[in-house]
């Protein structure tokens, strides 16, 4: 499933017909309840203790390398949401535990239903969350004291708390409400210049990880190319005429 | 105008008579409405499509280099607010669009009138904001989900929302109110040791862009010199005597 | 006293019987009022102007080196709270000035009594705070505009304001209230897998100081070893049986 | 072809039967003469001016994005040599121009035939080399003055000069000679503990890109897992018995 | 004089008629003997102990700030050689002490006359070199053991030693010889595509200061714009026709 | 022994009577043969497989944490050579295997006897060297191709090869010869201004790990304090009088 997500995001990233993406969950009760404990404890799974083959068990170093490969490849799947050229708006509802948080943090905008319940659950299964929650939370503009609290205690927090600390930037009534809000936002983003939207996402992500001096320079090099778009002229013309314009595909 | 701002800030930075700066706008209705579309679309301007000269048009790479030089030099003008040795308090009112946000983010403290209306407008003219908004917003302590929302949609947000997310740290009644508050704060900062104020601004900015370990070491080297100020002794003496003191120029 | 703190934290860091730490102050009125001005102005102290020995006074460079050594060693004492393997929950009450803020920011979770009064006081004694406040505040997930305001003006702020900006993540009634809350949180954290708790603290701190790409890779290498803990299996088993488990010492 | 290289290296990286890799070229006269100008100027190629489709030509920004995607994906192919878990020894002979240098620099050890002729040719086709030469050369331990000379002038340099500056670390007679030397080195590396070899490559690459403090910490976390290998005990036992041992697959 | 150098380099950087720069010294005996001790000890100079004004002498912190401003502005002058868009080839002869090394290291290619005598002299006047030598030497691809030796002892080293360690990349007979070689190299560089030359200098400098992953990404964004130059097509056409071409100004 | 080294270096670092340090080995045959395999395989040692206590063996994660603590503390001991304020000159002779390389790379200047034999031996005992060799070698100004060769093969290299690649910066006859040369260099360094020597070591190390822009700024802050030394005036006066001077202790 995660490999499919990766493949899908990579495709959407370059698909000229796509301008914004809404990520939601199909079920009524949960965005995701996180790791499936049953599956994870199946013989042969990455976290399982019993080896699937009958040969000599690998030593702890060899096991470590298999785990490292597995985690890196899992991370790559989720990070595809972040590296996707198109903005990804995440509509969260119901139970959002464990991997739900990793996924949400790899998206650009996080919206929640009022009934959403969040928890960084990993510590409860003996794990330091390794697919992105602990790496992206300290750079998501939320209180570090709060972030450490919820990561170290695995306690639940409600949509209202998520909004107050800035983990999500909007709360709406029910799954329908948040999905509608996410789609409206996506439609709005899709109406903008795809060149400007791409640059905005890319530079915000770059700046999160670099010094302001580095990021200013990067921005200058980026826009040296991307300012040469027809979209600027189309947008200005439309702006002066007080009319809407539609922009070419990217 | 931007070159003048740069020259002015560079001068104030070293002027021993200046201890704190308030940046405000003279008009009643706007701090800044951002890019002047009329000027930008004039033949010969950086964003214009029609070349001013009649010679062979440069290829996209040569155009890119002209744009890069232009952006870098524009950024330098705005960054002068950040590199200025003296704290800069920004009093925002009315329309604060586009460049208003770039400018505000290069200042140290942002205060707003209750009627201020903000928008990261660039995406609406086909541009990824390149004078600082996208580079400084992810390091301004605001929710990343919110930051991406306002940058990708170019939607307006009010002073109250700006305060709730931490984009500004105070909201006051009207342009007069915010200006009075900014001046009071500036007077207060100006009454402190200029050596301590300089170090505080410098180390906060350095720390924003470096690891804690790097920043602690930098602080130690900085204070190795600046703790040797007469101001510490004057301040302590005044503190013990419960009296105000005035500090020598820097 | 600071050397004792360092020694204590280093010991607790490796003590297998310790799983979470609460840092509080014994007095009823203050967590800490910061620098003791009387002590600091005693001849021979680091900030004193009068030299204790009668020999030729050192030049400004030699003085600088003594100050640098002193600051680095003082920082190391406070940083021991951060590098301690066990989470440190700070219960703040009453007056929390100057060093109280440096100390609080080196802790993982900050809780406050409703009557707590905070101030980054250093600028009032002619000093740019050099034991951690200025380096950790820009990475604590609080508004930079607010952070610069309180650091440049040394103004007081109440527990409610501290909560609103995310400097603390919980406010409780009185010293007793905050201490009880801190202890409850510590007990909760102590009930979790110590392997997972250690990794969670370590990766959150690493991520604060590195890019997301770097931090994801670090997490993968970290968990390559730490996922091989019996705690995962114990936790999963307990989870499936809906029972509590207790984890081996680390 | 580059996609095949990427796929191949990704497979070899995890193949437990592979312990070291020798990269060589099949032809007698050249390792690689670099970019195929004929292919590159075919309509539809990345560098071609004439568009393959008959539709409206994309603007410079849209072209830029296509180029950026293309370069990033090309870089990923070559970087697979560096991220491959197994050491890659590059045996260079004859003409080694342009891409040959990008490829060689992504390998771990570079050996050359005495008749090898090198050139960073890109500047001669109007390009700043973008597949790795300019990014890896300043971190390859060669004189920066020399590196800028050969990159800015595109002048040829012989195997002896390459050895003198440290671009290669061994020169041998003819293609046969260098291939034999590379294979001998590969056989030697393959006889070592695969756990130790993996860690050595990984930590050297990490250290090239990070501060010493960061790299020491990374090494400690890495070896926390990888020191727990049976290989250490096997190697020590063999060492004490003055015998050779063979190590389990990784 | 240093301000003039800055102004000159800034002008040449954007002058479309300039494609490569040779930096040499006019006198027969020295490139530079470094700091002029007589001037430096004149009352009022930055290093002088006696203050030029008769007012209260500033404290050590205020003096420190004046020194810091002075050093930063001096560094900016010399760094203009590095940030100049055009390659700067430095022809060194005779005595090259102190500032001569700072200047040479800010240039792209360093060539020396056989009689050149080098020394990092600053330690002999009680100073840690602060205009660039100590910051650029560890990134110049020279042995760190050698770099520390010459910086800590201030001992002289000859052109042959400078070549052996890679501090210079060519040695020629006499001032005439090295100047001729520098000019030939400059003419060669000037015959290349100015777009490719600019990118090559810029990316090599960027890569020196960033990780390989960061630098590869930067290169992709850079070339997204600069590959769209007519020069690529002109160069390829000329290459296929085995003819020389001349490139448009930048 | 390593704890003693740490304690010793920490003491010498601040001892005003010490100005330069020579590190040598007492035995005639070896600087160090590296890890003592007998000691390392003793029950209870960090690398030993058999646990010294009879209790339940810790799981791989808990073992990992013990190893991590052990490696970090061992690294700290060796790094004390680098963080010591005084330059450390390493005189290498005879067998210099394993830890000898870690130690040598933490020193400032490396000199060797002609008969010295070097090897990065760790891979031969199943270990990726974790006390500094792999982290400092890529930043020591030596060819990366060579560094990977010697680290991956554990092959011996002679003093002449070490000199040619820049691992050492001088080779002398026999242990006596290298020790004499090291002492002469130490005496020379000790005759310089201790303020200038400290700054030179500190800034070179800082620059190795930071970008040039960062390092230039750090240098300016550093010298803002340290240029205010009496040593500059003493050195200039002595220089003008062509006399030697002796500098005050630091």
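As written, the chains take the letters A, B, C, D, E and F, and residue 1 is the first residue of each chain.
Throughout what follows, a residue touches a chain if its C-beta (ideal position, glycine included) is under 8 Å from a C-beta of that chain, and two chains touch if they have at least 3 such contacts.
Keep in mind it's a predicted model, so treat the numbers as computed, not measured.
Trainee: Looking at C-E and C-F, which one has the bigger number of contacting C-beta pairs?
Mentor: Between C-E and C-F, the larger count of C-beta pairs in contact belongs to C-F.
Trainee: Would you mind working out whether chain A and chain B touch using mostly the same residue numbers, over half shared, or mostly different ones?
Mentor: Counting which numbers both chains contribute, under half are shared, so the two copies meet through different residues.
Trainee: So, what's the distance in Å between the C-alpha centres of chain F and chain B?
Mentor: Comparing mean C-alpha positions, chain F is 44 Å from chain B.
Trainee: Could you grab the centroid distance between chain A and chain D? Build each centroid from C-alpha atoms only and quote it in angstrom.
Mentor: So the centre of chain A lies 33 Å away from the centre of chain D.
Trainee: List, in ascending order, every residue of chain E touching at least 2 other chains.
Mentor: Those would be 60, 63-65, 139, 141-142, 165, 195, 198, 208, 210, 213, 221-222, 224-229, 231.
Trainee: Classify the chain contact graph as line, ring, star, complete or other.
Mentor: complete
Trainee: Hey, which residues of chain B end up touching chain F in the complex?
Mentor: That would be residues 210, 214, 218, 221-222, 224-225, 228 of chain B.
Trainee: Provide the residue numbers of chain D that touch chain E in the complex, in ascending order.
Mentor: The contact residues of chain D facing chain E are 37-38, 40-41, 47, 49, 60, 63-65, 67-68, 71-72, 75, 79, 82, 122-130, 132, 134-139, 141-149, 151-155, 165, 208-210.
Trainee: Tell me, which parts of chain F touch chain A in their complex?
Mentor: 60, 63-64, 213
Trainee: Which of the residues in chain F end up touching chain E in this complex?
Mentor: Against chain E, chain F makes touches at 87, 108-110, 139-142, 165-170, 185, 188-189, 192-193, 195-204, 207-208, 211-213, 215-217, 219-229, 231-236, 239-240, 247.
Trainee: Name, in rising order, each residue of chain F that touches chain C in their complex.
Mentor: It comes out as residues 14, 56, 58-62, 64-65, 69, 195, 198, 225-231, 248, 250.
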